[in-house]
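To keep things simple, chains are lettered A, B, C and D as they appear, and every chain counts its residues starting from 1.
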Amino acid sequence: MKTLIKNGTVVNATGTAQADVLIDGETIAAVLAPGSSLLGFDVEQNVDTVIDAAGKYVIPGGVDAHTHMEMPFGGTNASDTFETGTRAAAWGGTTSIVDFIVQYPDQNILEQYQAWHEKAAGNCAIDYGFHQILSDVQDSSLTAMDELIAEGVTSFKLFMAYKGVFLSDDGQILRAFQKGASNGAMMMMHAENGAMIDVLVKQALEAGNTSPYYHGLTRPWQAEEEATHRAIMIANLTGAPLYVVHVSAKQAVEQIAAARDLGQNVFGETCPQYLYLSLEEQLGASSEEWGSFEGAKWVCSTPLRSKAEGHQHHMWQSLRTNDIQMVSTDHCPFCMKGQKDMGLNDFSKIPNGIGSVEHRMDLLYQGVVDGKISLPRWVELTSTTPARMFGMYGKKGVIQPGADGDVVVYDPNGHTSIGIGEGRTHHMNMDYSAWEGFEIDGHVDTVVSRGRVIVDGGDYVGSKGDGRYIKRGLSQYLI
Amino acid sequence: MKTLIKNGTVVNATGTAQADVLIDGETIAAVLAPGSSLLGFDVEQNVDTVIDAAGKYVIPGGVDAHTHMEMPFGGTNASDTFETGTRAAAWGGTTSIVDFIVQYPDQNILEQYQAWHEKAAGNCAIDYGFHQILSDVQDSSLTAMDELIAEGVTSFKLFMAYKGVFLSDDGQILRAFQKGASNGAMMMMHAENGAMIDVLVKQALEAGNTSPYYHGLTRPWQAEEEATHRAIMIANLTGAPLYVVHVSAKQAVEQIAAARDLGQNVFGETCPQYLYLSLEEQLGASSEEWGSFEGAKWVCSTPLRSKAEGHQHHMWQSLRTNDIQMVSTDHCPFCMKGQKDMGLNDFSKIPNGIGSVEHRMDLLYQGVVDGKISLPRWVELTSTTPARMFGMYGKKGVIQPGADGDVVVYDPNGHTSIGIGEGRTHHMNMDYSAWEGFEIDGHVDTVVSRGRVIVDGGDYVGSKGDGRYIKRGLSQYLI
Amino acid sequence: MKTLIKNGTVVNATGTAQADVLIDGETIAAVLAPGSSLLGFDVEQNVDTVIDAAGKYVIPGGVDAHTHMEMPFGGTNASDTFETGTRAAAWGGTTSIVDFIVQYPDQNILEQYQAWHEKAAGNCAIDYGFHQILSDVQDSSLTAMDELIAEGVTSFKLFMAYKGVFLSDDGQILRAFQKGASNGAMMMMHAENGAMIDVLVKQALEAGNTSPYYHGLTRPWQAEEEATHRAIMIANLTGAPLYVVHVSAKQAVEQIAAARDLGQNVFGETCPQYLYLSLEEQLGASSEEWGSFEGAKWVCSTPLRSKAEGHQHHMWQSLRTNDIQMVSTDHCPFCMKGQKDMGLNDFSKIPNGIGSVEHRMDLLYQGVVDGKISLPRWVELTSTTPARMFGMYGKKGVIQPGADGDVVVYDPNGHTSIGIGEGRTHHMNMDYSAWEGFEIDGHVDTVVSRGRVIVDGGDYVGSKGDGRYIKRGLSQYLI
Amino acid sequence: MKTLIKNGTVVNATGTAQADVLIDGETIAAVLAPGSSLLGFDVEQNVDTVIDAAGKYVIPGGVDAHTHMEMPFGGTNASDTFETGTRAAAWGGTTSIVDFIVQYPDQNILEQYQAWHEKAAGNCAIDYGFHQILSDVQDSSLTAMDELIAEGVTSFKLFMAYKGVFLSDDGQILRAFQKGASNGAMMMMHAENGAMIDVLVKQALEAGNTSPYYHGLTRPWQAEEEATHRAIMIANLTGAPLYVVHVSAKQAVEQIAAARDLGQNVFGETCPQYLYLSLEEQLGASSEEWGSFEGAKWVCSTPLRSKAEGHQHHMWQSLRTNDIQMVSTDHCPFCMKGQKDMGLNDFSKIPNGIGSVEHRMDLLYQGVVDGKISLPRWVELTSTTPARMFGMYGKKGVIQPGADGDVVVYDPNGHTSIGIGEGRTHHMNMDYSAWEGFEIDGHVDTVVSRGRVIVDGGDYVGSKGDGRYIKRGLSQYLI
């Protein structure tokens, strides 16, 4: 299968080019000056498919480095399976995800690694890699890290919250980071001070404050800032590279920025929800259907932050200044009925998570339209840096020969209305959209995954199992 | 003329690719997966020249955005003409320079613009653009800015030192920056507090401290930090983008970093001399031939800084953290005999400048070898960011279809010994080398400029006049 | 004359004491445990006057270290003479001022010193010292500094604004600071970038923006922050102690705080107007009488800052954190009719200044009532630190044996309504009050100056000429 | 008993006065102008004792707010009892201590409070107050806080290290701080990340690194900086005032300074050992007697820091800038034989502590001689601020009527040689001196405690039981 994407504007992380892209089989074979011939050879006549991208952007497929497909959590599972979730991702122009293998304290991480392969294999619409969660870090887990790195799982997530479930204490974190410093793994951190939060949650519930809004109030910015700083210091002591997931508080960003200015390998990811949504408007929302429980739709951790305090504004700025390096979704959807409503009378029982894997590319593109980020920065934040950060660059995150044929044709003159309402777009397995009513001045027209067109004119034309496992290398982004 | 550079490792600002590069005429026509055929078409058989880059790096030609060829200064001229200087640049893998059109207070900048065209036209080995110096900013100069932008001169340099020669006062700077904020020009600043320095120089000379070492002592870091901060504040007030040239003091870097963290468009360039050389070792050197006047070889402004204070170390770190965004040379050579020796008895009469245009790519590559920067960062600092910063990206600074055929084949297994001593390399028109004895674990093998091989296996094979004027656009790097 | 102030709460900079204060002649003779006897000796029976301060605060008389009595400026004189101004000060609980000897560029500072003595001698209600203004610093002025220090003028003010009137360039400042570093003088700075301001003023007037509000807009915080930083760097280079007068911008405070945290002897004073008044509410005010020229009442430099930007809030905080060390008034009153109205059609012609010398103690006490500063901090900010900063401590700024008998009895249960309206208090020689309508939950009951009661129950009972010259020593506050 | 201290220079926190001090009974009755009469009344003839302090400093008795007399720790007790320790303190010019009531996890704090009263009562040479240690904070402890405050124990110390012994987790700390925010207690913190340290200690011992030097290496600055920041954030969230004990790392100081600059009530204490002693010189020392175990003499926590990293230098600077507010000793002595030697083969078994209660006033006075702090700052750091910080001001920390008659006559022309060697001074119950060979250019001549001379010409003339319990109020130092 040979495909030529012609006449488009190729966008990469440093700028644009008027160029055609030739994909041969699963791989990009050439990037060519526009026109039908190379040294007299008529390229267009020698391919199977020609996609005309005139007036459109041709970008490397999106890389979403933080998803939780069918994640078991709090007695239920995230509502998107690898099948439904990756299909929705494809619709939105994302051609790679890195999902999290869960380990609970009594589980063996190598077995979990196998289990996650079984969940994903044959089900995915797009390519997928894995991070490994290390819960309550044990010696056996540290030993297994090296094996997993050999298998292409080169990043390990620890938690400073969720006692008894995920939490590792600072001694455990220190030991894991020492290991990471020696084997080159990227150490990822859920940076919230769980001990503080647990007290605040208990106090809120005892005071009868049970609505979703209190989810936000009981996870204050101080808890995030503190844990972020602590993780940075442990990384500083050990020399491990550190990647802080789902950064939402501006004060946490300042901690990351300060460490980076001193030359430490510290990185931060934010998510679309922390750029657009807020404590006041979403967590504090009410509706006819749900009353003040409406806010449950946006219960995730770290929580949405106060707009009055300016976190969202600061987060966009951080994307410009590179104090935050990339945007993932932390996609972890739950339905309101049968899942979120487990916490109707107790916000702490609401499964944590928002579904966004489908909309990340669009939501960030709107930042380009709104003048908040540049066009190349869009590609850098959503594709190139994620690929570099997690050892996939060369195959993913860039349009160049030898790269996988993961290409998106994005139409800046198109339009996307998000939501489950009529005339809107939503393909994730949820009974609501966290992004209902968001309007995007752009549109994902065509998605090519390893050389195969899987979305065409907005229609999904791929098959379950198109996606393959990405065996990742070590981070290519260290400073 | 069709050239194929095959089997090399193409390095760009975000990573590497195993790819062949096809240049057709003056322009890159394609970047291709390695191998002799494209969809069965034998590329190699259809080109005029094949360069085998196996085991070597294929990089976009270097862009040196700060040179002063044959600059008139202090009654003499910089010793490299456009001819000798650009040829030396070519030898070192640099295929574009941006030189400074000088205006002295009584001169008209449009006439100066023409005069510089006359100096350069037909003499250059590589492509060249111009920045415009604005001395003692007048209304007529502000008006002329728009015309020059239309001519491709989109950046304007002001001085906070050199009273009566170049200096503009803060009111003049403010007005120029207002203009820059409205027309999109990049405002460049020589940031040293001249009034402070003039007093210190006078006092040093009165005290009989006449040797080159006092050049350093009379331009203390406080004078640079102060002016940098002041320029940042004026830029903040007006909204103009600011580019600080030849940053050498770590405290100045901190000012730039602080402004950037707040989202201001402030940028900084450093030079190889501030990464490798020091007040103690070079400015304070003596020799049999010159005694303590030996230090005159390294008299430049801003001056070399104290190693004991750690400036050099911090400057490398800034390159990693992107607190400093690029590396130019501030190439401005003078011979010891007949030029530098004008200051034998008075350091303030020593023409200011160091010649480095030939060695920038090598000296920075050594930073890769030494583990101070990554391979892609090398290309970003020396080529991609300079091109973006000054409106040349797309044509310069990147290997992609449509770009000028400016390509360097760099051999990581080669070696370069710098200097005028036997067996060493030095092509600049100077009677000494500021880099005598520096050893580089790499070598510029082949240099292609707009499709023409001008350096081949270390030999210069180009012609005077190969280089053309680069009509630049506005900066493509604003955050 | 022997006076006993009994039963009061003595407040000093570190706390309070229940104690009686005995003044013998001009000097405090003892601070005693309350009660009528000392070792059986009946003190009360052996004094001439007994003041009962039960339920009241007994504090060292206020020290206002920044006033401009009858200052010649812009063709007129500040409307308070030494007589009227110091009498108003007395009413308000201030018993010492330090006024500024003006030097214009063509004047000799020793002659000016004599001239100021003549203005003040025999006219003052309270004690007075002098700072010397150095305009356009010349060699002769530097030489004269030592003589003036011997005369008790140990602090010298320079200006970074008012070109042709007061301004010194950075070279002049550097030389003056070198002198200060060697002779121990405190270097004071009016820190605003005059060159920037001059351009902005000219542009505003050309655009027809002539009302007082534009006085504020044309002196933006960037001009103050910049000059503050510049002065700090020159002080850093020379080693001179630096005292920044009338700090109003929060960003300028941050510069001072940063320097202090590094151990540099940098100090800042603010004034009541920067704590309470704002660009929006006062400079932007209009009235029936004056229309938009109403704002002229509050034209002073540095200007009132924007409340929306939070400067006032930050300034109070700085008083708590000791990032700002003391509060003076910069008392420089002008009448609306015949003085301020010189600028009816051109804000730049409005004489700069506000009259507050009478109200400083009250306005700061209100900060105690409002919980913004503590009671001891009130005394420290208004009396103890000013005395230490400017070499008067021991005689002024403290209640202890050997100190001058400058004592104020302040009633926390009293009330003061400020203004020229009926039932209000205002004794300064102005045709309006800048503080009209301010209500203070406290009252100056009794003021004793060198042992003499000069204000009694709110009535002025002193005489012209009570006040004497204070021959000051070097600063006692250096860190 | 009536005592007159005449002709001395009284030093307080803001400056000096030539004044006589009259003590009547236990209380200061008056501070008087020097000379033998008050209004004709001959004071000197009416007192029992006259102390001539001509040429000497008269200062408020030292307040050491951090001691551990006979503290039970690791199976032994600190070697100074309340008797021996307070007597040594008296010798050194300290007239008040605040000691720590220890609670171990299973103990009731009210019972402990009683137990400590029993240890101290009738044994102390000087006055003493108590802080309460809260170990592993329980509900019952929080409730008891209010009772203890009523008893004069108004400050509570928590630990972030020593798991199973003292450590509270962040949730416990949060709850205690909430309590402190509501009842006004000062929350004290031992800020070291115990979890990190425990891992490092275990690893060091497993690697055979058992000498005292490793005590320092296994408690790196990152562990202190991290915990300091964490405590600040919990204080920020709750609004509690925070006092960080024994700050030794410059990075921890920076955290404290940053919080203070934002107006948060955060305070820090350092100790003489962190000003003078270092990792390299003391912890890393060896001797003939002890070999590398010599370093055990200086095993304390936080540990001595690296001189090469500049902590000691920075700590002195922090005393000048008030980023650190006071100096205590953390007096906790152990003998080498029978106590420290428990850790001969395992540094982690060495009882932690240094004995300094006798030398604090002298060691800090040497800072005055060396030009590191001013004379008033000496008194502020060692007496006035400790008294204010812990609710004793008015009675302690100042020479003013109504204050306890705690006065020290200090001779700047005297000399003190510290140590157990011949001709040296050492009265603490230890078999070595941590300060052997330190020479002080000053001498404690006379110590008066509540009106009673207890040290006279260097001889202890007091009695066991002179000291009384200090019932403290809430902090008087909050900003």
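By our rule, a residue touches a chain if its C-beta (ideal position, glycine included) is under 8 Å from a C-beta of that chain, and two chains touch if they have at least 3 such contacts.
This is a predicted model, so every value here is computed, not measured.
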Original post:
Where the contacts of subunit A and subunit D overlap, which chains show up?
Top reply: none
Subject >> Chain-contact steps, minimal, separating subunit D from subunit B >> reply: 2
Subject >> Centroid spacing, where centroids are CA-atom means, of subunit B and subunit C in whole angstrom >> reply: 52
Subject >> Averaged-CA centre spacing for the pair subunit C and subunit A, given as whole angstrom >> reply: 58
**OP:** Determine the centre-to-centre distance between subunit A and subunit B, using the mean Cα coordinates as centres, and give it in whole Å.
**Re:** 39
Subject >> Contacts with 2+ other chains: residues of subunit A >> reply: none
Subject >> Of all residues in subunit A, those that touch subunit B in their complex >> reply: 2, 10, 12-20, 22, 24, 27-34, 38-41, 43, 46-47, 257, 260-263, 317, 320-323, 374, 380, 384, 388, 393-394, 397-398, 400-403, 476, 478-479
Original post:
Quick one: in the complex, what on subunit C touches subunit B?
Top reply: 169-171, 174-175, 193, 195-196, 198-200, 220, 222-223, 225-226, 229-230, 233-234, 236-237
